[in-house]
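What follows is chain A paired twice: with chain B in the first complex and chain C in the second.
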Partner chain A sequence: MNLKKYTTLTRAGIMESLQFRLSSLVIVVGNLLYLIVVYFLWKAIYASAGTEVVNGMTFYDTLIYLVLATALFGFMEMYVVWDIGRSIQSGKIVLDLLKPMEYRKYMFWSYSGSFVTQFFFTFLPTFLVVAAVTKGTISFGFNLLFFVLAVAMAVSINYSIDFIVATICLYTESIWGINIMKQVIVLLLSGATIPLAFFPEPLHTIVSYLPFQSIYHTPLMLLLDGNPQPKDVVTALCTQLFWVIVMTVISKLFWKVSLRQITVNGG
Partner chain B sequence: MKRKGLRFYLRIYRKILAQDLKSKMSYRADFIISTVGMIFTNIAGFISFWILFRNFPSINGWNYYEILFLYGFSLISLTPVQCLFDNNWSLRMYVYSGDFIKYCFRPINLFFYFQSEVFDVKGLGQLAFGIGTLVFAWCKLGLGFSVLMLLKVIIFLITASLVMIALQNAAAASCFWIQNSFYILDFVTKFKDYARYPITIFSPVFRFIFTFLMPIAFIAYYPSLVILRPDAVPVLTWLSPLLGCGFFWLSYKLWMFGALKYSGTGS
Partner chain C sequence: MAPIIQIQNVTKEFKVLNRREGLKGSLKDLFSRDYKIVRAVDHVSMSIEQGEIVGYLGPNGAGKSTTIKMMTGVLEPSSGEILVNGNVPYKNRAKNAQEIGVVFGQRTQLWWALPLVESLKLLKDIYQISDKDYDEMLSLYRSLVDIEELLHKPVRQMSLGQRTLSDILAAFLHNPKIVFLDEPTIGLDVSMKAKIRTLIHALNQKKKTTVILTTHDMGDVDALCQRIVIIDKGKMLYDNDIEHLKRFFGSYRTLKLRLSGSRDELVEQIQKEIPECSVSSDEEWISVLVDEEKAKVMDVLSRLQQHHKIRDMKLEEISTEDVIKKIYEEGTA
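Entry: the complex of A and B
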């Protein structure tokens, strides 16, 4: 197996993201403040509700769900759309296309380095803080294993969606608008802004048939479920796997067809 | 040098604006997609409140329509910063590449010239959405109407805008000292999303922080009290027009200090 060419890109990515230490600090502080805002907001919401459990979720469940959703967002958001969009506009993409590696893979492995750093600098601290604050609501058992598996598949689905959106940029030459639309749709329909359990009925059913819930909702629900039923876990993971395959195929085909479209202005 | 009057600056602004709009119109697809994207973001915010209040009757004594009022108010007050000061996002690129020097050689106010160069049309979609939300909430709350109320709303909207502009100016100006200042700007921009909630949900420490250190409570909460809770308006609300001007002046001084210190890149 020729893994070395991939790990080299990962290493370069790690080094690149470690260059900007100050920006990591700002991101950590920003996440911390977000954590505080979410904490107080939902505390007030639950205090007004008068009951401990709403839609099967306690205050701590909701807190863990939302905070880790944000941490996962920071970890998965790769600005692929921006990077590909910019290299289309500047013409740099031609050089990347000439590389002896499939473009889709090349981009993914270039980002894998920032996965590693983001995991240690953002996700892990947030996870530990939230686990401590919620005093043992997260159980440490098999659910962690399922969570890791689900996150790995979520990364793949998220990357495929990003790649499809970036491919759309080949046609529109608009980056900001396309990217913000994607971000809004994904964050809302995946449950990252408000847990899917709170969605009213017709909306809840519609969302469960879309790929987005596999990105945030599935991993987080697997994590929160301290007493997992084998049937539920298998269903959740298989749904994810289904979306991984479907989205990968779509993004590959769409890219292949679109590449003939490409017009590069100079470069 | 003779100081140039307001009329002179308005005339110049009109001229620069016309040029900017012309160049924007040549990328019509981008313009339309960006506007749609902006509207998407606002609708998503609206939907998340709707979902929230399907599950919970109120937050901290604030009902659905009152929260919508805050949301509409914050959207309108964010319009000026979106429309008129959008060039702040490019400041770090100009400074980094050395192109910023071109602004230093004009015989008009540096800050004015820099900001006037870009007018972001998509902010107008947000303005329309914000006014719609505000009017909707206003009618549902049965607040009544008088010229005095309208006058108050307008004055406090301007105040709120000044605070947000000040925050963004200060964040953008950080690029004169720090290399990768995108994260600081991004951090401040994310903060505006927290401005939509009543500040009473926070503990005293964070109430203090969000009032004086990061004055986001002035973007919607304090000004809205004049209309929503007319019997219990705190002194801070009445002081906010002054504070708004003060914050703006400080940020302007900081921005100019950084700009005048700028020595170019030598190219």
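Entry: the complex of A and C
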């Protein structure tokens, strides 16, 4: 495999995302507003609970978790569904299909550039600020290594889910509703909006059998656990690997089957 | 040598939901399984040799783009066989893509936010073009068009003409065996059209690239194509030389006259005098379309002179545009 064929797309993605400085700024401000809401919401929840620890998490545990989840969202959300959906509607998809590589790979590598910029511009600054402010709550040890591994797999699972949803757009030719539904389901069941510890027991069990928790919950838990048990780490990473493989296979097959049915819009 | 594109008896059908009218109809459609089959391409066959420029013509919705999408491998034919460069396009899309280039007049494959040169470098890596071939191609481009000012301009700031030109350069960059140009001159001004025609012609000559050109602009056809294929409602109407086309449809010439008197009455009167020709008029001229198989231009002229005073006249050969218009009209009739 000639890697340059793909990494050149990463390079272009980085250059492209750097072109739109203002849009990055707006995203940062938007995230900030969201975090303020989160802060006051959870403050109220803890105040009404009347105890320091709710479901095994202190107020600061929860806050750190959610701030980092938001930062992670900033770089994992790729808007793949929007983009593929729009290019299906406009018919531009033909041009991407005619690149001499698999479409699924082409799109992934085209987005990879924005991972890189988002990682350095949103995730890393947020992480460092949180680490500095909370002084020592986050440990700097092997957990960082586990986190990086887990994020890489989370990106893959997240992309496969997005790609499956985008494939559905081939049939419906409408994007908006499907994308909103996907976002809500993924963010809720992955533990990005509410930590999974707060879920009632039956739901918690159901979620543990789904791929979503591997996207946000697993990487964040591995990062925040300063005293990781080898058994837990191995289980978490293996579960992720399992979902990486399963979701990749499903999204590839679904796309292959669907592409034969498509009618390409326009002229 | 085997033809580079071989199409045999290709048909493409689409399943389309029968839509009903009004709000009530739209609600019913939600549950409707009432499909009809639309045949976009109907038993089309042709074979194209390496290095040809083929004009692929037809009115809007004739099935041109569907055929092209099948040749590029985006769509799978419902029946029939296509071989492009020895491959079945939809089975080996990625492999096929390496050997073809495409330009869709209304869309761009360039990276919107980046300068052209970055897009070209990207394509260089994606198509794995060697440094030597890339430099050669770029210096060929330099000798044909003035690309220096384009290279460092972001694509989103380009005019439509500049962007189309850039898209054509991008499509030829990996020296593909076949380039599909779908309405490349749409919406462009006269001088840009001329520039683009010269560029396509030169690249075809230098690189022996096969070009499949769809267009509605007969100027493109006259300037570029030796051969044309005409399709309407999915069926092939014509496939032959452009010269042959004119002969095939009789040797028509248009006699243009300026007479004294009211134009509308004159048109009626002349039509009665020479019923074998069709007479029409515009602001300036009264046009008499003469089929030379049926009547000689000189005869028509002398017959007219007996009744009218001719103030001015000119003779025009029929244009490709007129012939094609005639084929479309007969095709749909």
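Throughout what follows, the second predicted complex is superposed on the first by the 265 of 267 C-alpha atoms of A that agree within 3 Å, B and C clash if a C-alpha of one lies under 4 Å from a C-alpha of the other, contacts with A are read in each partner's own complex, and residues count from 1 in each chain.
In the analysis below, contacts are C-beta pairs under 8 Å (C-beta built on N, C-alpha and C of every residue); 3 or more make two chains touch, one makes a residue touch a chain.
The structure displayed is predicted, hence computed values, not measured ones.
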item	value
Superposed partners chain B and chain C on chain A - clash or fit	fit
Contacts of A:Ile245 with chain B and chain C, given as first, second, both or neither	neither
Which of chain B and chain C A:Glu16 touches, first, second, both or neither	second
Partner chain(s) touched by A:Leu41 [first = chain B, second = chain C, both, neither]	first
Spatial angle chain C-chain A-chain B, Cα centroids [nearest 10 degrees]	80
Partner chain(s) touched by A:Met181 [first = chain B, second = chain C, both, neither]	first
Partner chain(s) touched by A:Lys99 [first = chain B, second = chain C, both, neither]	second
Superposed model, chain A: greater residue contact from chain B or chain C	B
Where chain B and chain C come nearest after superposition, their Cα distance in Å	5
Chain A positions touched by chain B in one structure and by chain C in the second	20
Residues of chain A defined as touching chain B within the complex	20, 22-23, 26-27, 29-30, 33-34, 36-37, 40-41, 43-45, 47-49, 54-55, 172-174, 176-181, 184-185, 187-188, 193-194, 198-200, 203
Chain C contact footprint on chain A (complex, rising order)	2, 4-5, 8-9, 12, 15-16, 19-20, 90-92, 94-95, 97-102, 260, 262-264, 266-267
Contact footprint of chain A on chain C as seen in their complex	14, 65, 69, 72-76, 93-95, 97-98, 100, 102, 104, 106-109, 111-114, 118, 121-122, 125-128, 154, 182-183
Sites on chain B touched by chain A in the complex	27, 29-30, 32-38, 40-41, 44, 47-48, 51-52, 54-61, 178-180, 182-184, 186-187, 190-191, 194, 197, 201-203, 206
